[in-house]
Every structure is written in structure tokens, then in C-alpha cells.
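What follows is a group of structures, each given as C-alpha cells.
Look at the two complexes coming up: chain A is in both, with chain B in one and chain C in the other.
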Partner chain A sequence: MSDFQHQAIRLTAQQQPLTWLESLRNKATDAWLAQPWPTRKTEHWKYTPMQGLQKTLLHVWGTAANQILDKALQDELIPVDATRLVFVNGVFDAKHSSRLPETVVRFSQADAEQQALIEKYLGNIVEGEHHLFATLNNAWVDDGVLIHVPRSQRLDKPVYIVNVVTAVAAVSNQRVLIVLDENSQAEIIEHYLSSADVQNGFANSLTEIHLGDNANLQHYRLNMEEEHAQHIGAVHVDLQRNARLRGFALALGSSLMRVDYQLNHRGQGAELDLQGIYLPRNQQVVDYHTNICHWVPHCTSNEVFRGIVSDSAQAIFNGRIYIHQDAQKTLAELSNKNMLTSNKAEVNTKPELEIYADDVKCAHGATISQLNTGARYYLQSRGLSRAEADVMLSFGFINELLEQIAQPAVHDYLQPRLAKLFGRDNSLNEVNVLAELADDKTIG
Partner chain B sequence: MLRITDLFARVEEKEILKGLNLTVKPGEVHAIMGPNGAGKSTLGNVLSGREGYEVTGGSVDFNGKNLFDLEIEERAREGLFLAFQYPVEIPGVSNMEFLKASVDAKRKHHGQAELSAVEFMKMAREASKRVSLDQAFLKRGVNEGFSGGEKKRNEIMQMMLLEPSLCILDETDSGLDIDALQVVANGVNAMRSAERSFIVVTHYQRLLDYIVPDYVHVLANGRIVKTGGKELALELEEKGYAWLENEAV
Partner chain C sequence: MSEQVEHLIKKEYAAGFHTTIDSETLPPGLNEDVIRFISAKKNEPEWLLEWRLKAYQAWLEMTEPEWAHVKYEDIDFQAVSYYSAPKSMDEKPKSLDEVDPELLRTYEKLGIPLHEQAALAGVAMDVVFDSVSVVTTFREKLFEVGVIFCSISEAVHKYPELVKKYIGSVVPQRDNYYAALNSAVFSDGSFVYIPKGVRCPMELSTYFRINEQNTGQFERTLIIADEGSHVSYLEGCTAPMRDENQLHAAVVELIALDNAEIKYSTVQNWYPGNEEGKGGIYNFVTKRGVCHTNAKISWTQVETGSAVTWKYPSCILRGDNSVGEFYSVALTNNYQQADTGTKMIHIGKNTRSTIISKGISAGKSSNAYRGLVRINPGAEGARNYTQCDSLLIGDKCGAHTFPYIESKNPSAVIEHEATTSKVSEDQMFLCQQRGLDAEKAVSMIVNGFCREVFKELPMEFAVEAGKLLEVSLEGSVG
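Moving on, here comes the complex of A and B:
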């Protein structure tokens, strides 16, 4: 057992948790202390550098720090017409949040019926024994967000949850529970930010999602923290019959960012699409572990992750697809493509396919490559310098995925920001805007 | 415009061009025909500066400059344009952004200001109309999912926007049906002028019915083995290349 584990548990004493969550917390505390701290020999943590976190002093909850979103971060929010919830250092910032509809409630404000629903699902979708930090999230669970869409309803606006860390050495536990009943539909954006000056902060986030029969969810998880942030998080999803999940993950990189996706097809005919982009630079670390489990027949999974790793950054991608012997007629595809832009950049990618059924169609592939020289020559032959061509091609590599983002506000927010990371000129976006206008015959 | 003197070039240790001579004056259209493997595409690649094509002898003067002193992009900005036989697909890179960046690169090179988005849009719309390419193609990824004919029309549209002084068309007619061929040829013919020259590389005489050349050259075994007027193309169509290949050895 590590110092980090002990410190983490000592911190719980500083909380004044909701009493009806105590049994989950207590059980998780025991489990957390019973698990070994991951080392280089622990399979799922093999490449994740944990030394930094181990040295982090967990001595203060974010509650001791700033609880109001500052001006600079306000400008970083996505301008989307949505029900917005802002948490600053783990504390709800009512001033910058919307009035909540009945479908969205904080755990601390839940009525008896909602508490019963939370108790039914919270900690039950997640498979804690495989996910150390999900266990920690259970041990720390306090306030959180419940989104419950009743049968045959549809959220009239997306829910936009913003979690920011602004304080030095602040610890923040972030929890989201999404329950979509039969035939319901929702769109949910989780956005993680931090102030530029945050040192040694640690955020532990966990999202559990239950998709009932024929439910439909669009889910975005955007990790856009600054250089020195440390974030470990997970998204666990159960899909029932004919449910549909469309997920998008983004990590720009921080000193440590690890996110696990655990996706379970539990009802026939369920479909999921998961796309992800990671762009670590400097000495950042990004680690995505995804595990898609097909337990039943006739489900479809399509997963595409792409990363560009620069400078001395490190990316880890582990994509597992497990197909149970009962899961006949499964269609599953996984692709992970990486580009390294420096000799010191590092990628560890591992696609894993475990198939125990005989009538399935599966494909997986992982590549690490340089830019396409044919494409570069083509652009140069039209007058672009090699450097300009490389910028255009690198951005194109991830823009292919950005173009598929269904929510226009998210797309329009991300595209210029990521383009800027590539040192690209924004007037090019202006060209696209004008192209739209041209269709309306307003110019020319 | 262009003077190629005794040009030798190889690809992966294999000598492809073996002492090629060709002079193109402003306003002229030269057709280069020849059998497969004669070095037709190599010529275009060598002139545009593709990696892997090693020049082992000879010289090329392009508008008073030593072509081989120039980088790929400098040749383009100086007015050399190669329309590719197989234009590459670049998903994720918007055709329009690419085109504007190309045009601006050339303008900057010549000391002109970059175009505003509005100015560029007008030009691009005009050009896309001239090659009968729907404007939707401007917004797609470069050549992404384009049919063979659409790719070739996109090449001609780029040529129109970049206004090069020397256009090299590398088997632009391959894979085109008659309608697409006419669109492409009309685009080329509209650009013909007293200052602009063309080298039309083709395997078939058919294209030369639409783009009528001033000279026809036969390239075989890495050299020009015969030069004539447009009627030479018809003769080649009839007799094939074998009688000339023998001459070249």
C-alpha cells in the first residue's frame, strides 16, 4: 500500500458527506486500501508514469480554495445553448450555472425518489475491482450530478458540465451519473479545464452511464486542462437492447491524464461509436484505456482514436475488444493511428481483440507513422513550403475526426482552438464561413 | 520558357531518362507521346522536383533560372505546374483552404498581398464553374472521395487559380470519358495564351483532337526520338511505337 492511498483516505475525514452515500463510501474505502498501488509490473498501468502522483501531497480539498469561475476561464467555456453546471475545485458555482430542469439534479439536492435512483445505479455500472481510481471516486463520492431522462423523453437542450481546477494542490472528486430510460434521448458535454498556474492539483472523475432499451446518447468528454494538471478519470457505460452511444473524447495533455472507457453491450442490437483525439506536447502524458465488452449477440462497436505526439510527450493507447462466446453476429472495429512529430515523442499502443464467439466480424489496427510523403509532395507542388504542408497535413489527420462531431457548437469551439495548436492561420476558417455564405448566394 | 539539355535521371538506381532534349517557347503546346515505361511520367516528376527522382546529368533552364536550384514549392511559385496523373486524396484538409494557401503562397512570392477570403471565394467559384465542378467540392477534403474525372477537373481548376506559365499535364486524359475529356480540354484551351506554354503527356492521340499541339514528340527509352507536327500523333495512332523504339536503341 502506498502513501498516496493513505493520504487519500485521510482526506475523506475532511469531508462532510451525504449520509445516504456512506455505505458506498465505506465499502470503497476498504477496497481502495486493499488494492496494490500500480507499478510498472501492473498490466493496465505498465506505461503510465505514476511517480509524480505518488509524490503529490493530497492535503487540501478544493473547497478550501476559490469557488467562483474567474474571468479568464469564463472565456474558455463553449458557447452552447445548454443547461450548464459549473464546478470550481469540486464545488458547485451557482452563479455561472443555469437553472436546472427536473431532469438534472445535484446529489446534494436529490429528493427521496432521486436518491433511490442514485443508490440503485451509483457504483453499480462501474466495475471497481478493475479500476482502482473508480474505487477512489466511490470512496470520495459526495456531491455529483444526476441526469435522469424518463421514458420516451428527450432533453430539449444539451447538458454541459464544466469542471475546473484553479487552486494549487487542490484535490477534486468529480462524479456524473447518467440514466436514460427506455426510448429517451440526451446530449451531454463534460468539459475539464484548469488554470494555467495550477501546480500539483489532482482531479479524479468518474461518469457512469446507463442506457435503457432504445435510448440514445451523444456524449462528449473534453480534457483540456493545462500543463501541470493531473487527471485520472473513467467513463463506464451499460448499453441495453438497441441503445445507441455516440462518444467523443479529447485530451490536449497535461502532466498526467489517464481516462478509461469501459463499455458493456448488455442488450442485443446496441450500437456504439467512440472517437478520440489526443495531442500531448512538451512533457505531457495522455493515456486512454478502452475496454468494449460484447456480452450478447448482434451488437456493433466502432472505435477510432488518433493522436499526434510532439516534443518529449508520451501517449498510451490500449484498446481492448472482448467478445463473449454468446455474442454471435458481433460487428466490431477498432483503429488507432498515431503520428510522432519528434524523435523524443513516445507512443505505446496496444489493440487487443479477444474473441470467444465464432460468427463475428472484427477488425483492429494500430499504426505509428510519419506524414504521408505523397501528400506532402502534392501540397509542395502547389507552392506550399514543406513546413506549411506539414502543418496542414497534421491538422488534417485529426480534422477528419473533428469534421464528424455532431454538435456544431462543440465542433466550432474545438476546430479553431486545435488549429491554433498547429500554428495555423485562422483566416482559413473564415474561408469556410464564406463558403457557407456563398451557398446562400449572399456574395459574389 | 523551358530548355532541357541532355537530361539524365534515375529512379532507384534505374536510369530512366537518358539524354533528353526539349525546348519549349512561350505560347507553345508540346505533346509528348510514347509507350509505357518510356519515361513520360518521370519527366514530369523530375521537372516538379519529386523526391526519389535523381538527376544524374544535363540541365534545365526555366525562365532563365536553373530549375534544379529551386525547391519543389519554389518551382511552383515560379510558374511551373504539374497536373498529376493520380492526384492524391488528402482527407481532413479542406480543398478550399488548400487552394487559398497555394494561391497566397504564389502571390507572396511575387510580392503581392494575400487575397481576402471574399476575393478568393469569387475566383474559386468562377474556376469551379469553368470546369463544371460543383461548389460542394470546394468544401470537401482535397480530392477526398472524388471520382477519377472529378480529380482531373480539380487539377485543372488549380491550374486556373495558380495561372502558371508552364503547365505539364501528365496523362490527364487517362480514365476520362468523352464528356469529362471535353471539359478538361476546354479548360486548357481557355488558358492558352502567347505567354503560357503546355507540355501534354499522353498515351493516346484522342486528347490531341481537343488540345491541338504545335509539336508532337515521341519519347522512347528515355529520349525524344522523333518530333513532328500534330499529324505525327495520327501516324502514331495508326502505326504504334514499335518502329520508333527500334530507332532509339
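Moving on, here comes the complex of A and C:
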């Protein structure tokens, strides 16, 4: 047990939590204090540098600070026609949020029926004993967002949840619960931001998703915080019979960014597509741990993560596929490709397969390399400068995944922003490269 | 189909007999006196005893590794006897004629004739029985070209500078729990030195046999290939069938100096336990080699035996342009568990490594590949290719892959691929339609699956490995 663990619990004294969540909070508090603090010897935290977080003094809830989205950050929002919820330092900012439809409600506003639904699912999709910080999120849980799509309904607009941290040394606990009943359909975007001057902030986010039979969800999770933010988060999903999830994850990197995906195929015929991009620079750390568990037969998983690691940044990827003895006829594939662009950059990747059923097709692949010199030579011989060629090649490497984003607003928001990252130190004309990319979608 | 398969994997362990022979066996237990006894028994110099005691102290402070994907009952290290030798070996025999005929018969029964004229032409053998080396063949012939091939106890006396310089240089005493235990109590093993520029004229080979009950085998092998030399070394092993679990904790150290090449092949066939998973050898082995400039170390292993295997033959690619290779077939059946793989540590520039691992699981067994590829910041232009394939026979077994890939150099290129599949009904149908029975068909499919590894084995071994796989799979097809 570490000081951090005690401090984290002491903080709860500043909260005035919802009384009907108390039993979940109390149970989680005990569990959180009982678990050992991860070290280099803890398998799932082997490569994650935790010293910085451990030294972080958790003084205040972000709630004590600014609660209104400032102008600069308003410009960072995705211009999408959606039901928007904005949380600033963990507090709901009604001014910048949309009027909520019946399907979307904050925990604090939930009626008796919704409370019952929340109590049924909240904390039950997540497997706390393997996820230390999910336990912390339970211990801290207060307000959050419930998205409940009833049977055979479809959300007419995407739900866009924005979580912003703006205060120095502030703590923010972010919680989303998504319940899709049978045959329902939804599209949800989670967007995490922080203001540029935030030092030592700490955000703990947890999303729980229940997909009923034949439910269909598109889920985006964009971690676009500034350099000095610290974020540990997780997405836990249960997929029932023939449910379908298309997930997309993006991380630009911050002083600590760790996201766990726990995906459980619990009903036959469920399908899962998960794609991710990470682009850490400077001293940043990005850590994705994904764990796909096939418990029943006839399910499909396809996971692709790509990353470009620059400067002194560090990327960690751990992708586990677990096939239970009963999960015959499973198809599961995982690919992780990494590009290192600097002598000080570091990648640690670990694709894992754990298979107990024989009639399955499983494969994983991982590569680490740098830009293909042959491809660079080709572009240079066609008249591009070396810098331009490099931007085009690196951007092409991730653009392949960007092109598959189904929601046009997200795609159009991300593409220029990410392209800009590659051109940052070069004198080249980004617009030109982008224009060429736009003309020729086959690049990459 | 699976019933037929299951019928086919049921097999007899051919090497499971026990030799009745008068042995001097230490009572179970481990303390400093036991170590002093072993050291005195071998007339060891003071420095080696000190070295052993230091290892023992380290071992006392260490804890058993628990990260491997294997489950077994806790080992009572005080219930193991740490030294056992046939009485007839008290005076080391000068030649084969002086060796106890009962011992010779044991090896004949195992298909390993020790008389030089009868032996496989071109293979020199060191034979280790429980805790002692019985005999080393073809020594004179090897000595003519300057190759030293003898037991490590002998080397301690005859070539103390070499032993002192290199022992523990690749696997230090504190390296891990079992290496520390081995360093404290190792009893015998092989020692090889190939002088500068010499290509060893024949295959060198060691055969390990555990015979006594309640004993553990702790051998230590040290191979030094001097600049520009080349050696191919083979290792085989068996043990009697017993209901108890016996411990085998070996350490192998390879040193390939500039431009040298070492090829190390293992066919591991320790007693795997019976169909209910009772008995069998716990095989906890540390094998590691260090490559200097332009050197090459190649590990090839066929693992079919042992109740529990915990083994990661590794290469430290220290010198520029050095090469590490790892080819492995691991087959588990019944309740066997294997957690095996390799570590490739790239330190020098332009270092290359290849890992080909084939895991076959049948019955209720569990088979895991665990590997590490680490590219250090200075390993400019390093290259690694890894391929791990698993084949599942039956629906109660497990096949796992745990590769750790760490890169700190942008010019390195690392590729890792893993697939899992089963012997498909289509493949079986095709073979059977062509007139093969189910058993032959599986054997052919499995052999094809392992081909890339088998072709790396020296010829005699490749044949043996193929046969071994056939026997091990007997009864697993359907």
C-alpha cells in the first residue's frame, strides 16, 4: 500500500456523494486499500512508469476550480451534430452542454427506475480485482453519465462526452455507463482534453458498456490531453449474442496515459473491431492494455493498433487474447505495428495468446521498425524533399486507420490535427501534403 | 475425430526402466555440509567451494519464480537428495573395460552403445549417470586436434584457469532461483573447449540419466568456443518411471568468442509422468550463451518429456554482427506443462536473431511460448524475426504465447508472428483418402508442422526426434 492510496481515499472526505452509490463506494474503498501498489515486478504495470503519479500530491478535487469551459478549449471541440455533455474538472457544465434527451441522464438526475438500472450494471461489468484504478474509480464514483438505449431503438444523434481538466494538481473522476438493450443502436464519442497549463493533474476515467443481443455500438475514445496531464482509464465491455462493437482509440500522449480495454464476448456470434493509434512525443508515455476474452463459441475479434514514437517518448502495448475452453470456432486477430523515429524513443510490446479451445483460428503479429528507406528514396526521386517524404510516409502509416473511421465529423476533425503533428518541425507546407493526401486516398 | 486422436496419443515411455545398481546416495536435505560433502567428494579446490557457498547463501535469500504459466505442488527442497553415484564409480574408471557392466547395459538398452567401435561414427559422448560422469568416448581422437571434452569435475582439476575464468560468467550464481541452487550443488556435467580456428571433427554429445529415487540432477555444462572455432553439441536425457516428481535443475553456459560458432541441440525426453499426471521430472533449466564479434549461437530443442518444463535458452548478442538462433519444438501430452522460449538480447551493432517456435499440445496439457526480444540503444541495425506456431490436438489442452518485445533503437527491425490452428478434418480427410491411416496422417501433419525445426537438427537426432514425436503422439489422433 502506498501513500498515494491513502491520499486518494482521504480525498473522498471532500465529496458529498449520492447516497444510493454508497455501498459500491465503500466496497471499492476497502478493495482499493487492500491491493498492492504496482511496481516494476507487477506484470501488468511492468513498463508503466508510476513514480510520477505516486509523487503527485492529491490535494483537491478539480471541482474546487474552474467549472466553465474556457474559450481556447471550446475551439478544440469536435464540430459534430450530437448530444453534447461537457464536464469541466469533473463538474457538469450546463452552459456548453446540449439539452439531454431521455436516453441520456446524469447519475445525479436519475429517477428511481434509472437508479435501479445504474445499480444493476455499475461496477458489475468491470472486473475490479484485475484493475486497480477501476476500483479507485468505484471508490470515487459520484456523478457520471448513463446512456440507456431501450429495446429496438436507435439514438438519432451521437452522444458526445467531453471531459476537461483545467486546474493545477486537480483530480477528476470520470464515469460513463452505456447500456444498449436488444436490437438497439448508438454512437458515442468520449473526448478527453486538458488546458495547456495543467501540471500534475490526474484524471481517472472508467467506461462500462453493456451490449444486449444484436445491439450495435460505435465507440470513440480520444485522449487528447496536453503534455503534463496524467490519465489512467479503462473501457470494460460485455457483448451479448450477436452484439457488435466498433471501437476506436486515440492517444496523443501525456506525462502518463494508460488505458485498459477489457472486452468480454459473453454471447455467441458477437463481433468486435477495435482500432487504435498512439503518437507519443517528447517525454510522453502511452500505455494501452487490451484484453479480449472469448467465453463462448462463434465470436470474432479483430484488433489493430499502430503507433509512432518520437523524441524520448515511450509506448507500451499489451494485447491479450484469451480463448476459453468452450469458445470453439473463434476467429481472433491482433496486429500491432510500431515506428520509432528517434534514438531515445522506446517501444515495449507484448501480444499474448492464451488458448484453451482447439477449433479456433487465432493469430497475432507485432512489428517495430523505422521508416522504409526504399519508400523514402522513391518519394525523393519523385521530387519531394526528405522532410515531405517522411511526413507523407509516417502519416500514411496511421492514415490507413483514420480512413476507416465511420463518423465523418471525427475523421475530419482528426485528420488535419494529426497531420500537423508530423509537420511540426519542418518548414514544409503542410497544406500541400495534406492536399495531396486528400486527392489520393490510396496512400498508406 | 478427437476420440481417435486420443486413442493414438496413449503411449508407453520406453526409457522408463530402473537400473538396480549399488549407489552411494546422500540422505535428503540441503545445508552447507551437503555442499562441503559434494565439493570434498570431488576434491575440489578451495575457490570452488567458496563459490558454491556464495551461491547457496544467495539461494537462501531468493524466492521461487512464480510468473511461469505452470502449476505444480511446492517442491520440498529438503526432501531431495543432492548427490547419488554408483559405488563402482568411486574410483573413476580409466577405460570402458573398467566400467560396471550393469551401467553399460543400461545405456545399451537406451540405444546408446558406448564402445567406440559400436558407437555412432562421428559422435563423441559424455555419459552422466545421476550425479557423476561415467565415461567420455573418443577423447584421444579429439585431443589430437586440441579439443577438450571431459566432465566438468575433471576440468576443474586439469584446466582450472579456463573453468575459473568462464564458470558463472554467463549465468551468474544469483541469476535466478534454480541457477543459484545449481551453482551450490552441481555435481557433474560436460566441459568443452575448442581451440582457436579449430572445427571440431565430430559431434559432441552428453547423455543424462536419472536413476536413483528421491534424487535430483544438477548438472552444469560449460562450452567455450575460442576464436574462429566451430562445434556442434547434442544433449539427450531420460529417467525411470516413478510416481514421485524428481527435480532436474541444470545450467548450461556457452561462450562463443570472436568468429566462433556453437550449435547446441537438445532432445529432451525426461519421464513426463503417467496419464493421470502423476510423477515425472520437473525440468527447471537455465541455458544461456554469449556471442562475441561475428559469433553465432544456435539453439535447437525438441522437448517431449518432463512433467513441468521451465526453460529459456537465450543468447546475449554482445559483439557486433553476432547471430542468435532458436529453433524449438515443444510437445506436451496428458498433464504435461511446458513454459519455454528464449531471450535474445541485442547489444552489438547489426546483430541478428531468429526465433522459430512450434508448440504442440495434446491431452490435457498446457504449452506456452514465452520469449523476450530486447534491442538495446546501441544495437544499431539489429534485426529479429520471430514465428510462434501452435497446434492443438484435442479440446482440453491449452496453447499460449507470451512474447515480450522491447526496442530502444529506431534502426532495429523486429517482426513477431504467432498463429494457432488444429489438425483440421480436411487435412486428415485428404491423407486418409490417399490411403494413410489416421495415426500416420497425424504423424505426417505434425512432422510437416515441425519441419523447419527438425531440419536444424544433426541427422541422427532428426531421425530420433521424428520417432519420438510419433511415439509421444501415439493415441492422440482421431
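Please note the rule applied: the second predicted complex is superposed on the first by the 423 of 444 C-alpha atoms of A that agree within 3 Å, B and C clash if a C-alpha of one lies under 4 Å from a C-alpha of the other, contacts with A are read in each partner's own complex, and residues count from 1 in each chain.
In the analysis below, a contact is a pair of C-beta atoms (placed from the backbone, for glycine too) under 8 Å apart; a residue touches a chain by one contact, two chains touch by 3 or more.
Given the structure is predicted, the values throughout are model-derived calculations rather than measurements.
Chemist: If you stack the two complexes on chain A, which partner ends up touching A:Gly374: first (chain B), second (chain C), both, or neither?
Modeler: first
Chemist: By the touch definition at the top of the document, which applies to A:Gln328: first (chain B), second (chain C), both, or neither?
Modeler: second
Chemist: A:Arg382 contacts which: chain B (first), chain C (second), both, neither?
Modeler: After superposition on chain A, A:Arg382 lies in contact with chain B alone.
Chemist: Could you tell me if A:Ile355 is touching chain B, chain C, both of them or neither one (first, second, both, neither)?
Modeler: second
Chemist: After lining up the shared chain so the two structures overlap, which partner does A:Ile398 touch, if you call chain B first and chain C second: first, second, both or neither?
Modeler: first
Chemist: I'd like to know which partner A:Glu346 touches here: chain B for first, chain C for second, both or neither.
Modeler: A:Glu346 contacts chain C only, not chain B.
Chemist: Considering only the touch criterion stated at the top, classify A:Ala363 as touching first (chain B), second (chain C), both, or neither.
Modeler: second
Chemist: Please indicate which partner A:Asp30 is in contact with in the superposed arrangement: first for chain B, second for chain C, both, or neither.
Modeler: After superposing on A, A:Asp30 lies clear of both chain B and chain C.
Chemist: State the interface residues of chain A toward chain C in the complex, per the touch definition above.
Modeler: Going through chain A, the ones touching chain C are 43, 47, 325, 328, 338, 340-370.
Chemist: Quick one: which bits of chain C touch chain A in the complex? Just the residue numbers, please.
Modeler: 67, 375, 377, 390, 392-422
Chemist: In their complex, what parts of chain B are in touch with chain A?
Modeler: Touch list, chain B to chain A: 48-51, 71-73, 75-77, 82, 84, 87-88, 90-94, 96-98, 100-103, 105-106, 109, 117-118, 120-122, 125, 135, 138-139, 141-142, 158, 162.
Chemist: Could you pull out which chain A residues touch chain B in their complex?
Modeler: Residue positions touching the partner: 372-375, 377-386, 388, 392-393, 395-400, 403, 427-428, 430-435, 438-439, 443-444.
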